[in-house]
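A, B, C and D label the chains in the order they appear, each numbered from 1.
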């Protein structure tokens, strides 16, 4: 699969192998990138995509193999050399310092450390110019810690552009973006390609891959197993190549809703930082129904999620659980009242990375189910963890493994198991499939619909409109903390949802009132 | 006996480094005895009181003839060790009296209030403002009694004198002692009682006078230190050595060996201030000195914490 | 003298600045370390070593500024020990710091005793003398309070400005600030987190040692065991008090020193005879805690403080 | 340079680095001895002799380890929950003060009743002393590193005040120390004539108890969860603030037991120099033990043995006693490094 060297080849990986202990993350991977080309790198969670890119960028040292950039072999383990050679990398997890401003993050490392001055104004001007040129709207003087994820993504790209990158590596840049933000990003990338940039693009979303790439490489268990020209393949084929088997997307049947389990009447919550709180929100979650919440990120989803989770209480309005008003609302009461929660951030909120799988499995239920008079019931806990592993197909060496070592998909399955096994009547699923590969996505969706069919009320929060429209029996749109009326399955066109998400309809309603 | 011929093995155990004024007097006396060939001497300094009994025992186990040190903070525990090694002589700084049941423990303390009193007379004569500053480490009896004696001496010359008293809560913080002294000078003091290192430095910098305590520092501050009340440990130690060598060491209070009449304390020579001290004060010092020595006058021992007046 | 008189006297402010000077050096040193993500609990020991090294160098014939340089070098050497253990090896910064404090003080005492076995009071050097800044020192009030200090005090204030300038106006400072916040961001920009952090710890430790040397070369003129007397620990507190910013840390040091200068003077007021002296000595510590509570807002702790960075880690 | 975890370290890997660390420590000591004119060849033997060479030496080592086990446990409990308690010294003194106040005749009870009550009272006092910084942390977000550190100074001054005033022994000839404890308030010795007392056994029991709390109780689970990831713990319904406060109570109480044990077991009275920095050394002990309660016992014994052995060695070969602290520090730094190297391999990149 190694192309002959042409003057157009900007990047060539040859025979890259990388092992982490017993795991072989990359196994003799070779490919080349041409000038102006976009390669999409596909693979399940843990297939080795990020590892490969880290080697390319010099952050990891390969056990075997070489990296050539513009014909020059790179010294291993030397990001500076890669940067100087014109590689820019946008990491899967942001690499930004929250206490610095946008421009400071961008110029970090771009000037010799011995320099006596930062040349702040020149740097700011360059950032502004680049931002304008590539339509990456962001204030150079803003503190990064206060930016939304979309804005941070733009800063990451500006970092690469600021250093005149000619090869751009984007590791799941769209995982945290709204569809609108993704579109804007693609527009930017197309412009960059026009200027001669070459791109390696990683995503689990096949429609994005189809939309932006020229060529697709598929990794499986560290091996490069397939290569296709994008024009000559289909989403279906790519999915099969990734997983190594056919992937079926389950059809979601019509629901038969039951009694209301949770209802909010004109509930408001305080703003937190730049994120708006809820503004007199009214909604009802019914048994046997999936309620989808559509919206651009940062419009109050976090507040609703925190409210249902028990992290915050309403400042005004009424909140009923199964007809009774809630009292002393906290995560513990929420759990006790049968509210199960899949949090947005599985690393930070959902799990404790250095706890083992057993401990994470019982994190929410140790008090009620796995202890007696203050003493832990570890054998019961372990049996429970083993059952979760078996029932929810958590791939791992066993219940003693630290969850830090699990892939994102398996971590999510663990949380899903924890949530579903609690026998909850209300399930909050906040971005339940973010960053997961398509096999895992269909698994999680299947489980959620099964829970619904068993009589649970599910609140699904997602920025992925496809996901919302496919799964939800009822859809609300949220914008600046305001909630739209419910729309039944099939009654809403994506365009109309988009208008609601933009806030336009709310304003009209406000004027009408 | 055979013991009289060869030098005694003497060990010192100190809870502070040997630079500390008080301990330095013991250390110097021991070095002098070693120089004379009476003893061989070794020591452990900066020994925490927690470790003190263990170190005593280690030296005793090693067959030292005489162990000297300070057991103010570990009286009970130290006496237990003493009881276990009846063949070792212990000469210890202690707040308590000797115990006949412990025949191998003698106690001492620096009762140099006589000299302090005399140095107070000189201070009283030298002060213009009648305002005297005193900087101490901690208000322990060994410090308090000297301060009181000094103040009594001052009042002999200046009944109207006022005193500023401060404790810095540390034995070793000359910068802090110096700052405290500066503050006293600002507040009108023109003679300082230098219980701690750092005080004379402040006096020197501001061109006022200081009175030394326990050690003589006039050579370091020839224009500043007028007089010092000195402690001499030699009489105490030499007597103990003699007793051990004679095989007659027994429970006793060596406190008196710190008295002026035993040569355990003295007023340092006037040195650079010879002739600059008012004759009235010199005369009074001489008279009191004689009275102290012949026993017709005793300086009151007051161990209470002094306070500003 | 009542409180009012004290606060209005130039000598009170002069004392405040003198007392603050060693704290300023050491606080800036600690601040640099912490800004890069390393809590340096070796500070107390490094100050002891610096106090000894500067003094002994001058005692052996070096000029005063030579002594300062020697103290700085010794501090940097100890900082190097700290940084090797705490940065590439990522050992617990608590244990490395406490261990280094023990090591540095004990080594200093040992060296002292071996070099000067038979002294009863340590020799003195000709220490830095107050330098009256021409013209400025003639100003009423301020002249005496601010401009009749020793050169090392002026150096402390210059250093505070310099540290702020480097931290906020140079690429190096940017890298240091980023290293304490997000080492991954630093590594991703092709910089070596290890080098930046080690450099910060080494330089910061050098400043701590100069803070120690201030005690033996400016505040006083000879070396005593234990004379640092907990000042290093105070500086740890001052960094937090200063919210990891040089300007505020400088203010914190001055405030603490002012409390100290105040308590010394309050002991001589009529109150001094009534209130136990320990209460006065507590004052600076207690008021510092109170000030922290009153400020009360969550200071922006460098996010990666005490978090080791290992490239291969997941 | 990069550290890579070793999946299954062999025997050589787990024993060699610590052995080398010890060897290097002795090497350093030998060089220092040489510099000071002592005989370097004697260093090793004299240390071993001084630490464990006789019944007396061994019991002294155990004796010195006793307070370190308590403070080591206090620190490990707190650090596990990411409560950076640098104030074990103050909490130790709090326990000591209470023991001295109640043990000098205030309670006219027999030993079996009095001793546990004193211990409980000490625990409460230490707990309260740490509770204040913990509350400042949870209520106002005030950094506990600073408050606990500053509390050490404040509390020591407070003790100094007590010993100069209300607690001063009227029979003490003015020296600042408390009256002696009544016989009923003394922890008995384990071996007649030697200083080791039942406080040591209490320390072992406490280590075992902390281990049980850590591994077997919901509180232990909660404390570890809060320490590892407070945000996740809160989300999971663990009452984070309450757990931090409980941790503070436990940690402060353990440190206070060190004071109780030193006063009731060793000293029989309260003095200002009761602790030569046991609170700070507790940090080192805890980290050396990797915060494991049973490891704390081993670490405390190690620290005590090095110190007691090296201290004795310094006297026997005639070099300044400060060599003991140098060896202790060297051993600690090299040992934590060695422990790391038993689990990680250094890779050059």
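Definition applied: a contact is a pair of C-beta atoms (placed from the backbone, for glycine too) under 8 Å apart; a residue touches a chain by one contact, two chains touch by 3 or more.
Bear in mind the structure is a predicted one, so any value in this text is a computation, not a measurement.
K.L.:
By label order, what chains touch chain A and chain B together?
P.N.:
Common contact partners of chain A and chain B, which must touch each of the two, are C, D.
K.L.:
Indicate the whole-number Å distance between the mean C-alpha point of chain A and the mean C-alpha point of chain C.
P.N.:
That gives a centre separation of 45 Å.
K.L.:
How many angstrom lie between the CA centroids of chain B and chain C, rounded to a whole number?
P.N.:
The separation of the two C-alpha centroids amounts to 35 Å.
K.L.:
If you average the Cα atoms of chain C and of chain D to get two centres, how far apart are those centres in Å?
P.N.:
28
K.L.:
So which bits of chain D are touching at least two other chains?
P.N.:
2, 157, 160, 164, 320, 322, 347, 349
K.L.:
Going through chain B residue by residue, note those that touch at least 2 other chains and give them in order.
P.N.:
In chain B, the residues touching two or more other chains are 46, 139, 169.
K.L.:
Give the residues of chain A touching no fewer than two other chains, as numbers and ranges.
P.N.:
Correct list: empty.
K.L.:
Between which chains does touch occur?
P.N.:
A-C, A-D, B-C, B-D, C-D
K.L.:
For chain D, which residues are in contact with chain B within the complex?
P.N.:
50, 56, 60, 64, 157, 160, 164, 172-177, 180, 193, 195, 262, 266-269, 271, 273-276, 308, 311-312, 314-316, 318, 320-322
K.L.:
Contact residues on chain A for chain C in the complex?
P.N.:
59-60, 79-84, 89, 91, 93, 95-100, 104-105, 107-118, 120, 159, 404-405
K.L.:
Could you please specify the touching residues of chain C with respect to chain D in the complex?
P.N.:
That would be residues 39, 81, 85, 88-92, 94-96, 98-100, 102-103, 105-107, 109-110, 113-114, 194, 230, 233, 236-237, 240-241, 276, 278-279, 281-282, 285-286, 288-289, 292-293, 296-299, 301, 310-313 of chain C.
K.L.:
Which residues, counting only chain B, touch chain D once they are in their complex?
P.N.:
15, 42, 44-51, 53-55, 57-59, 61-62, 72-74, 76-77, 84, 95-96, 138-141, 144, 169, 303-305
K.L.:
Under the definition above, what is the set of chain D residues touching chain C in their complex?
P.N.:
These residues of chain D touch chain C: 1-4, 32, 35-36, 79, 84, 136, 140-143, 145-147, 149-154, 157-158, 160-161, 164-165, 280-281, 283-284, 287-288, 320, 322-326, 328-330, 332-333, 336-337, 340, 347, 349.
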